Each structure stands twice: as structure tokens, then as C-alpha cells.
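As written, the chain order gives the labels A, B, C and D, with residue 1 at the start of each chain.
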Amino acid sequence: MARPVIVTGFEPFGGEKSNASWEAVRLLPDEVEGHPIHKIKLPVVFGASGDIVESAIRELEPAAVLSVGEAGGRTCVTPERVAVNRMVARIPDNDGAQPQGDPVVEGGPDAYLSTLPLDDAVSAMSAAGVPSKVSDTAGLYVCNQVMYRVLHAVRSCGLKIPAGFAHVPYTPIQTVRKPERASLSSELSSAGLYSILITSLA
Amino acid sequence: MARPVIVTGFEPFGGEKSNASWEAVRLLPDEVEGHPIHKIKLPVVFGASGDIVESAIRELEPAAVLSVGEAGGRTCVTPERVAVNRMVARIPDNDGAQPQGDPVVEGGPDAYLSTLPLDDAVSAMSAAGVPSKVSDTAGLYVCNQVMYRVLHAVRSCGLKIPAGFAHVPYTPIQTVRKPERASLSSELSSAGLYSILITSLA
Amino acid sequence: MARPVIVTGFEPFGGEKSNASWEAVRLLPDEVEGHPIHKIKLPVVFGASGDIVESAIRELEPAAVLSVGEAGGRTCVTPERVAVNRMVARIPDNDGAQPQGDPVVEGGPDAYLSTLPLDDAVSAMSAAGVPSKVSDTAGLYVCNQVMYRVLHAVRSCGLKIPAGFAHVPYTPIQTVRKPERASLSSELSSAGLYSILITSLA
Amino acid sequence: MARPVIVTGFEPFGGEKSNASWEAVRLLPDEVEGHPIHKIKLPVVFGASGDIVESAIRELEPAAVLSVGEAGGRTCVTPERVAVNRMVARIPDNDGAQPQGDPVVEGGPDAYLSTLPLDDAVSAMSAAGVPSKVSDTAGLYVCNQVMYRVLHAVRSCGLKIPAGFAHVPYTPIQTVRKPERASLSSELSSAGLYSILITSLA
């Protein structure tokens, strides 16, 4: 059997009852291009979320890693270009931590560029009818921290694989109480993630 | 048989290949609460669009009228509060006309308030999982003109019926080439329109 | 001496320490084109604010009326096109009232169009270096109510004068604690109001 | 005499007649905390702009470097957190180049974090009445490239100095023809830059 692909989403946070990232991840099939998809639901907690995904990478030696987060307010699926070695939290994480500028990895490089084929992924999503664009900032909250930890672990393990992060918009149901925010159905977000995986494994 | 309900949508304009309003309208069933739904696709043309809907109102004596338009950039279904007796066009209509401040109806009142139950409609849409809010401006393009003509015709005919207008967002496919704009699936927009009709006929 | 021009601004509300509208109004000179400028600072209170401006109109028989309000989040000076006969408050006014759909004037027309020369005013502001555009909705809070009361009083008194409303953005100091909101200096907002007055009296 | 401080702004681009960054830079005094301010107007050209600022850094061994660019649409002064080793141009630069993903410096690190005291600078600007916040992305156009080149040169020269980049909004006059975009007066933007310099040299 081919090596697995790791795909992560997040548990709810910020008072939400669901997290659009996990809603999209769990709609993915169990396999892509012959690779089993290993799905992990991460806590919205600095440190712990990174530890979990790093352990999985070290253990599974995956063929690709795609971490996914929710970006309330965005209109489309946005693969991220870069993860920055800083943590800044506007609201506490689900464990109460609220870092104000600490590095993700002490002594790590200032940032890592995604190794996903960003432009090809956007082209594939567009062809599939999924609105998308590359994003140049993943923020500095738990999402960016997971992306940094993913790329740091992949680099540390000497893996030469496509790895990175994508944000998905709120689901429509999440915006019923904040109707001025954009949304995208989980089906479309999930289709976008699938296009990213297909493109990455091509 | 009960009197029909008139629901209108628009043909494409502004270089688009489809119009989100018609995509949502055509997904509506053929009947609501025992009333046949009479669907009309209107041209995006000042004057002509208003003439068509006015003729239909005079001829069919409907139980309700809901006109629908596309509001590119909006995030949710927005029933409109008021139609203003002015036409201002940033781009020409599909017949080349581009009024810059003319009244919709010479000598008509400055504006008409919607006679749809706006707050109840938003509550019903929210309960149905459709993001929505009341909008306080329908712009001054063909949409506002149709809404004004609808309310003017209803008033002129002495009909005491719920009548008004709702805007729906772009469909996702429309935003593939402008991914920074919000979208909503036609299924959800259509479900929202159905909630408005149910609420209006209650 | 020529008949006065009435210009109104508002006291602070919503937790703010100042109100951009009054900051702009108080920078206006005491006279324009030979007309004394009669400045009134209105309370952010439904009813009372309208009563005050209506009394002033009845008493002074002005040559023009320009009411001004603050529109947090807007980027430029926006003369308003229409006042709607409805009051809807997202937050209570400074007296605790929070109407949810009541008419401004029981039995009044659905709306009044501004009698200010809107397009000429925008042209004049642009020529003066003040960013501006016509707005198609004044909201339904105290600002819209004042605008409706102004136009209703002017009409009731049989005055044939330019009368209406303009919104101005936050001042820069107001946005220090909400830096993602746009601002405009009081000097520029005031220059914009002056251009509206000049244009209206031409 | 103390070592100079280098401050750069840009020439106009994108069809504009002025560039808000240079308008703000040229209002700075000639000295700050005893350091002469060495102002450079850079071309909006990939490569050449970086070469110019790198030469100045090597030649002058400055006490600090602050490069400044215009961010049309932003509302406040935004010191940038990170420069990324990628160039992506939506529109050609002033020399016709339009890179689509090339590195700024072949073989350079993926990104550099600003060495300016970002949080202190924002506090100082707020205290001075200048709306500001830290930005997490400088885009990938000529601005980001200059920031990367500045930080790369400072690192290469072994200088331990505060160095980085800040974006300023459009000036009001620039927004007269696009009034829905935010602006900030050059005086306030310049005051913000001065606060950044003071904070950096403290």
C-alpha cells in the first residue's frame, strides 16, 4: 500500500459549535490516488496541536501533509504561502494560552514557504468550480503555528514531500448569526482540498 | 385554484454567463402553499423589465410578488426595505441605456416601502439555515427599478398583497474568476426565497 | 441680512468621546455666501433631535438645511440621497430608546428624496480635493430620522430650499483604537460640507 | 555626528500621479535623535530598487533603516512583520517586469522577520494619535522585495540595527477618484513614521 497522506482539521473554537476545517476534512474520501488519507482532528491549542501533527509525521512518513484551518471572513479556499515563526493570539486558545510574539520553534528559521504546488492547486480548484486563491498570510494564531510545525517536522525528518496549509471559509450555517460574513459550503471546500491533494500527488 | 404568486429573476448582465437570481428562482418548486408559482425571467433593461412585471401583475392579480436580483459582493440573501424613484446606472443596461438620475415613474412618490414581512422572513430564513439580513438599499440600477415598478403597480391596482424584492449573492461558480467576492449556493438562495414566500403567505 | 443656513451635527454616542459630525460642523465659518450659518448640536435621541431641528426650521425659515452625521467605517463624505420613514436601532440611542421598525412620522410618506444638488456637490468636493460620493442609504438610526424630519418640516412649511443630510467618516483620532476603520480629518470633512453649502446656494 | 538613518519611499506607479510613501517620507525632518535622515526615492522596479537600498546600506552603515511603501486600501500605518523570498506581480513594475514566483534572492532564506520594535512602534503611534497596527503581510510586489533586500543586506553586513518596512494608506487626494478607498493625510502618515524611528532608536 502507498504511504498515507496526512490531512488535519481543527475542533471548534471562539464560541463556535463547529469548525469549517473539520467539516470539510471529514467529507474527504478515505483514499486519494491510492494513498490512504489519515485524518486528524487537532485541538485549537498552541503547542499541543503542533506536537500531535509532528508525531504523526514522524510515525507515518507520509507522502504529503495538508493541514486545514477555518478563516472566518474569507470568501474562498486559500492555500497559504508561508508560515512565520511567531505566535500572536487576539483571543486565548482552547487551553487559555495567548502568546504575544513568542517563536513557534525557538531558534527555528524566521519562516517556511509551503512546498505545495500553490499555483497549480488554484488552477485545479478553479477548473473544479471551487473559488480559490493563494493567501500570503496565515495569520499568527494556531493555524500558522501548525503550518510552521508541519514544515519544520518535514524538513527535520528529511522528507521531500508536498506539505502545507489551506484555510477554508465559514460554512453557511455558521454565518446565520453573522450574515455579513462570507461562507462556502463544506462540499465545495472539501472538493477544493481534494483538488489540492490530487495536484500535490501528481 | 388559488391565485398565483409571481416570482421574477433576471437574465445575465455585466459580462456574466449566468445570473444568480434566475439560478435561484428556477430551483423553486411550481407551487407554494397551494399557490402556483408564476416565474418570469426579466431582461436587465430599464423600462422593459418594469413593463413586463407590471403587465403580469395586472393580468394575474397575484397573491404575492417577489422579484429577485443578483447582488455581487453580498454574502447573504437580502430582502430589500425600500425602492427609490430614481435610476442611476454605473454600467449600461443590456439595451445600452445608462440613466443618471431620472425617476422610475414620472410624478410617482419618492419611494415605496416593501410590503413583505421583512423581519419574519429573515427569522424564517435563519431557522432554515440560510444566512440573511434586511438590506436598506437596493441600489439604483435595474433591480431597484423593478422593485419600484412592482410596488407601484400593486398600489395602482389596489391590491393589498405582500410584494417586494430580494437580492441573492453570486453563485460559487461566478466567483471562480473573482475569488475575493462572496458567494452562496443556488440551493441555499432558493431555500431562502422559498422561506420568504412561505412567510409572506402565512 | 440674508436668511440663515441651518447646519446640524451630533453629540457623541456609542461610547465615543467625540462625534465626527460635530467636529466637522464646528470648523465651518460663521457665514457662507452672505448667509449666517446657524449651527446646532443635536442629541443622538430619536424624536428629540427631530423636534429640535424642526423647531429651528419653523422659526428661522432658513435658506438651506444641511444635517450631518458620523458614519463609522465610511471612507469619504457622503451626501445622502433618501430618508426613509422607518426607525430601526441596533444599539439604543442616548436616551435608551431602540425602535424596531416604527415610522419616523406616523402617516408620513414612505421616504423623501434629498433636495440638495447631490451630483454637483460631489463634483465640487472632488474639485476641492475632498473624497466623496453619493450614498443611497442613511441607515435607519437617528441620522435617517433627522434627515426625514428635516425634509418633512421643509415640505410642511412650504419652503422650496435645498435640504438634506451628509455623513462624514470617523476622525483619525477615533480610529486609533480601531485602526482597521477608515478615517478622514475634520478639516477635510468640513471643507466637504462647505462645498455642499456653496453648491446648494449657487 | 551620529550615523545616519536611511528612510526610503517610492516613486508613483500604477497610473498614480504621486506615491503616498514618498509624500510621507519627504515631510520627515532632516534629523531624528541626532541622526541625520538620509532619504531615498526608489523606483518601483524589482531588482533596481533593492540594489539602490543595498548600496546605501553598505556605504552608509546606518543606525536604522525604514523603507516605506503605499498600500492602497489600507486604513492606517502598518509596520510589516515579515519579508518573504518571493516576487509575484499582479501588474508590471515601472520597468515592465512581472515576476510570478521567483525568489528575491536566489538561495536566500524563505523570509526575514522585521527587526523594528513593532509593538512599541504601534504603541507610540497610537499615543501620537496616528491609527496603526502591525501587518502580517507586505504582499509580494516591489515593497516586499525592498523589505527583503534591506533585511538581507543588513544581515549580510553584520549590522545589528533596527530595520524594516511600513506601509502607509493613500493620501486623501489620491482617493478623490476612488472614494470607496480609505486614506490618511501625509502629515499623519509622516508623524507615524517619525514615531517608528524614535521608537527604533530608543
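One rule holds in what follows: contacts are C-beta pairs under 8 Å (C-beta built on N, C-alpha and C of every residue); 3 or more make two chains touch, one makes a residue touch a chain.
If you want to know which protein each chain is, UniProt gives these names: A, B, C, D = Pyroglutamyl-peptidase I.
Given the structure is predicted, the values throughout are model-derived calculations rather than measurements.
Between B-C and C-D, more contacting C-beta pairs join the chains of C-D. Remark: chain B (Pyroglutamyl-peptidase I) and chain C (Pyroglutamyl-peptidase I) have CA centroids separated by 31 Å (rounded to whole angstrom). Spacing of chain C (Pyroglutamyl-peptidase I) relative to chain D (Pyroglutamyl-peptidase I), judged by their CA centroids, is 39 angstrom. Residues of chain B (Pyroglutamyl-peptidase I) found to touch two or more other chains are absent.
Taken pairwise by the contact criterion, the protein chains form one closed cycle in which every chain touches exactly two others. By the touch rule above, chain C (Pyroglutamyl-peptidase I) contacts chain B (Pyroglutamyl-peptidase I) in their complex via residues 81-82, 84-86, 100-101, 109-113, 119, 136-137, 139-140.
Contacts from chain A (Pyroglutamyl-peptidase I) toward chain B (Pyroglutamyl-peptidase I) in the complex involve residues 75-76, 126, 129-133, 172-173, 175-177, 179-185, 188.
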